[in-house]
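One chain, subunit A, appears in both complexes that follow, with subunit B as partner in the first and subunit C in the second.
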Partner chain A sequence: MNAKKEHKPVDRRKFIQNGMRLTLGASLVGVTGLASLKLSANDYVWQLDPFKCVYCGRCADYCVLTPSAVKCVHAYDLCGYCDLCGGYLKPDANALSTAAENQLCPTAAIKRKFVEDPYFEYEIEEDLCIGCAKCVEGCSSFGNGSLHLQVRHDLCVNCNECSIARVCPADAFERVPVSSPYKIKGDFQAENNNPDPA
Partner chain B sequence: MNRLSKIFFTLSAIILSIPAWAQQRFPKPEFETGYVQPATSQTSPRLLFLEYLDVFVLMAALAVATWFVVKKRSRRGVMWTSVFSLLYFGFYREGCICSIGAIQNITLAIFDPAYVLPLTALLFFLLPLVVSLFYGRTFCAGVCPLGAIQDLVAFRPIELPKWLQKVLGMIPYLYLGLAILYAATRSEFLICRYDPFVGFFRFDADFQMLLLGGLFLLVGIFVARPYCRFFCPYGVLLGWMSTFSKKHMQITPSNCIQCKLCANSCPFGAIEKPVEEEGNRRTNVQRLMTYLFFIPLWIGIGGLAGSALHVPLAKFNKTVYLAEQLVVHPEFKQDPDHLDARAFMQSGKSMDTLVEEAKAIRSQFYWGGWLLGGFMGLVVGLTLVKLASHRNRKDYEPDKTNCLSCGRCMDYCPVKN
Partner chain C sequence: MKFRKLVNIVLVVLALGIAIIIARDFVMNRAGKVIENPYAFDVSEYAKVSADEILYEEEKVLQLRVAEPKGIAFHQGTLFVIADSSLLQMNLQGQLLKETKLEASPTAIAVDDLVWLGMKNQVVCLNFDGQEVERWENYGDRSVITSLAVSPDFVFVADAGNRLVYQCKKNGELVRQIGEKDEQKAVPGFVVPSPYFDIALSEEGYLWAVNPGRHSLENFNAEGALRTSWTSSSVKTEGFSGCCNPAHMTIMRENAFVTSEKGIVRVKIYDQHGKYQGVVAAPNQFEEVAHAPDVCVDENGRVILLDFDRKQVRIFKPKERGNS
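== the complex of A and B ==
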């Protein structure tokens, strides 16, 4: 490029090489410095905020895993132990029974157990749960909202960007520190200075 | 009277619903039979220690691969390192986190004030680049699981025409630019979404993504490592570092005997043949100067094109897409099956706020489009400059930018110490 230095091509090339290496090194340091302003030694995992969730059902379909790593969990403290459970029974159920045609859950993942008259305990069988949120909608609309979705971290592969988060209509997914990886209703409410009445 | 009763009914419904929010609709019963309430199970995520172990394994694999390439000159060693990396980072860690995707974490850390960058992600991004700045792309050779899976299926590599390699070789720059644009506007992580091999690592993916991955592997039998050479955005950065690296893999341990075996062995077309400068030196230099002179023009054209495309580019942002849909089809707001519209109506956000947000994101895409287009213009300009420039070369040498340091040429070179 520079005709005067033509007689020393090797030196010129070396000069350019060294200069470029320094520039690249410096830009790496620069980018690292900029990014380091937000640095944390902790690691982050995905979790969904059950108070933002609108039970759209996409958690069941958009997870990279089949079945989804999002499952229904039960905050027993918030449960009313109702006989007529909006999360367990279809709205038009014929009877308050465990018959398959009365159950809202498409995979029969909720176990209904008699506790004492007139109360029933509802337990989620996670192997069966697909995270469709049908029960969550029922429980939140007609009951206390004790059934809610959570990302189960024994299953979640912690994708760099959660593929459910990308389509969540309520923007309920967020990165949370690995030290507090759940937002279980009740515990989580207490964090927000909104003490759990039950 | 009728009206009054309606108002009374509505009011009482509201008043009654307030305690339902503050307290529970159905308070928890007080059990008399000694029922013990089960605990809500919380399975714990992967230990933080293991995340740092991954970084340590990355460091170790980089060191071993570099040692095999630069010092030991062993193709076999490089290959087994890459098999290990495929098993560890691919099938055991299931492809996440990887250095390629970490580009987006770094971008997000710079542009999103709410994002917190884990140290592990920064190290995954930084370490291979630093190694590449000193020893070339040994990361590609032995550590990257995406490279390893393709390297293992490259059975019958054919040589692509030079012009095709140059044209396809511009795609990674575009991909890198788009990935940074979409990460910086907080739209999505493009690289992770369209990672063709992560589905194989997890034995689970969408049909389309498995098809894409299968296609890459199928093409990869004949065109060696197609993703690495013609798509990988991290490869662009590694290539820059490697071009000016302090040391680099050498084909021959001593003197080249011009046998051409290495050029035939390289499946990536990354070995430069010996050339003598052709034609008149003066006209060559003049041509080079003309091409250099045209670079600003290319940047301008690219910038104009990029900014002109900002509307379709911004469509892939969730907020912009929803706003556009609701403006064109206001009837969607009442459609109970339109999940996004329904969630938006439930959120209580006003339409004006949504449109404002969408406009702000669109303007980010406008300026991002200028930068992306300008960058692509620069890439085109510099590619042309490189095509027009001559460098005398007596021996067969690796093209330091595109050489993946796999070491096949060292294996084929008949010259031993």
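== the complex of A and C ==
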């Protein structure tokens, strides 16, 4: 028995057609792969873990945006509403007042509102906040740590490689699913079922 | 030819420049590299304590083999430490005398002839063998018991959640609530922003309670009315700073106060009128990021600290005169 196959000569037209089909198929697979990669990349956004944050100040300086997309947010359910707020007042403040020289925030982005003696509410004015974490350190050192930083996704441009994450000394930046883009302290998120801290 | 050489030189210089910029960026900005923080919250200046102000020296350290220490008390030569879900009884040499397993993690302790434990919102009493003697009704979900003080007739329960001190008979019967805001009786009310709300009894049996949100210590008479108070608010060593200090407090002989602070962690002594006397343990004797240690005293005037971060019982004795 002769097992040898008979080789048919391939004409030039057929060869070009096959080549075209193969190239087209490969291109389509490639484009589909790239598109799906891009889609899955968009399913994740950058966020920082407030429990890892060491208040180094780099969030203010290293974001591609000016001012930074990282802002201070306030977990009201953790706050003590203190008159002697360590996040609002300078440690050596000469009075417990809203006078500029007593404020810790370099841009006066925290608003202090009287509630009832001796309680005050502290609200972040995001347009002024530069994400320097000075108040976060004051609040965490002396208070309950209710002030903390978060990447605000209405501002963040979701760079492929976050320039803050690259220099974060605490490795606090991570990719999180777009369905739960914030890492808010306290029960704020759970209670309100609202992923946006605004 | 000359032009090509010039172009080559320019290209090499450019390449070198780019390489230097990349290398500099890599070295200066890499993660973990310590660089100056222009927004630093710097309280290091206030953490410095002059050597003249330090009145005590560390005598002994007892290492605890526990995950999470919670509180400490001293009674007749024995240390009582609550940690994890256990009550440890140990002598001052660090020898474990007895360990009692508890059904939950306690939050406060006081000792007389019995061991009184705060279990978040409930008071439980054990004898020294670890057997349960009393279990009171709980004070509700909002309650967070942070401190207990016991006199011959009463148990005082500090509830940070409800911002009250309960004066109870030893069977749990509530005699009165102390510290409720009452403008007519000039009681300002306790301001307790976080679960740091300590109480102690003076030598005469009067209640002293920390009002942490006001940097005050308040004294109440037998009827629960405000008797006196003192306040010391300053970031400097002689005062209390932040939102809730002193975090812990105890009373030693001659009704002097031993206070422990968070934020700038330090342990200090004030006389019976609230006048600053000096420092037991300075900030540099604790971890860089530390919790305020719980405090108690022995009959010889030694100050005993429960260091939550190092998981140690640290015993400080008064410095001898002339021994700086």
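For this structure, a couple of remarks:
As a working rule, the second predicted complex is superposed on the first by the 144 of 198 C-alpha atoms of A that agree within 3 Å, B and C clash if a C-alpha of one lies under 4 Å from a C-alpha of the other, contacts with A are read in each partner's own complex, and residues count from 1 in each chain.
As a convention for this text, contacts are C-beta pairs under 8 Å (C-beta built on N, C-alpha and C of every residue); 3 or more make two chains touch, one makes a residue touch a chain.
None of these values were measured; they are calculated from a predicted model.
When the two complexes are overlaid on their common chain A, residue A:Y76 makes contact with subunit B while staying clear of subunit C. Of the two partner chains, subunit C is the only one touched by A:S141; subunit B is not.
By the touch criterion defined above, A:R166 reaches both subunit B and subunit C.
Once the two complexes are laid over each other on the shared chain, residue contacts for A:P91 go to subunit C alone; subunit B is not touched. Of the two partner chains placed by superposition, only subunit B is touched by A:I184; subunit C is not. When the two complexes are overlaid on their common chain A, residue A:R152 makes contact with subunit B while staying clear of subunit C.
In the superposed three-chain model, the partner touching more residues of subunit A is B, compared with the other of subunit B and subunit C. Contact with subunit B, but none with subunit C, is seen for A:Y44 once the two complexes are overlaid on the shared chain. In the superposition on chain A, contact of A:C132 is made with subunit C only, not with subunit B. Of the two partner chains, subunit B is the only one touched by A:L34; subunit C is not. Overlap of the subunit B and subunit C interfaces on subunit A: residues 56-58, 79-82, 119, 143-144, 166-167, 169. By the touch rule above, subunit C contacts subunit A in their complex via residues 29-35, 37-41, 43, 46, 191-194, 213-215, 233, 235, 241-245, 262-264. Across the complex, subunit A meets subunit C through its residues 55-58, 60-62, 79-86, 91-92, 104, 106, 118-119, 132-134, 137-138, 141-144, 166-169, 171. Across the complex, subunit A meets subunit B through its residues 1, 3, 17, 20-21, 24-25, 28, 31-32, 34-45, 54, 56-58, 64-66, 73-82, 115-116, 119, 121, 123, 126, 143-144, 152-161, 163, 166-167, 169-170, 175, 178-179, 181-182, 184, 186, 197-198. If you check the complex, the residues on subunit B that touch subunit A are 22-29, 31-33, 35, 37-46, 48, 51, 94, 96-98, 101-102, 104-106, 109-110, 115-120, 122, 126, 129-130, 133, 188-189, 192-193, 198, 202, 204-205, 240-241, 243-246, 285, 288-289, 292, 318, 339-340, 342-344, 346-347.
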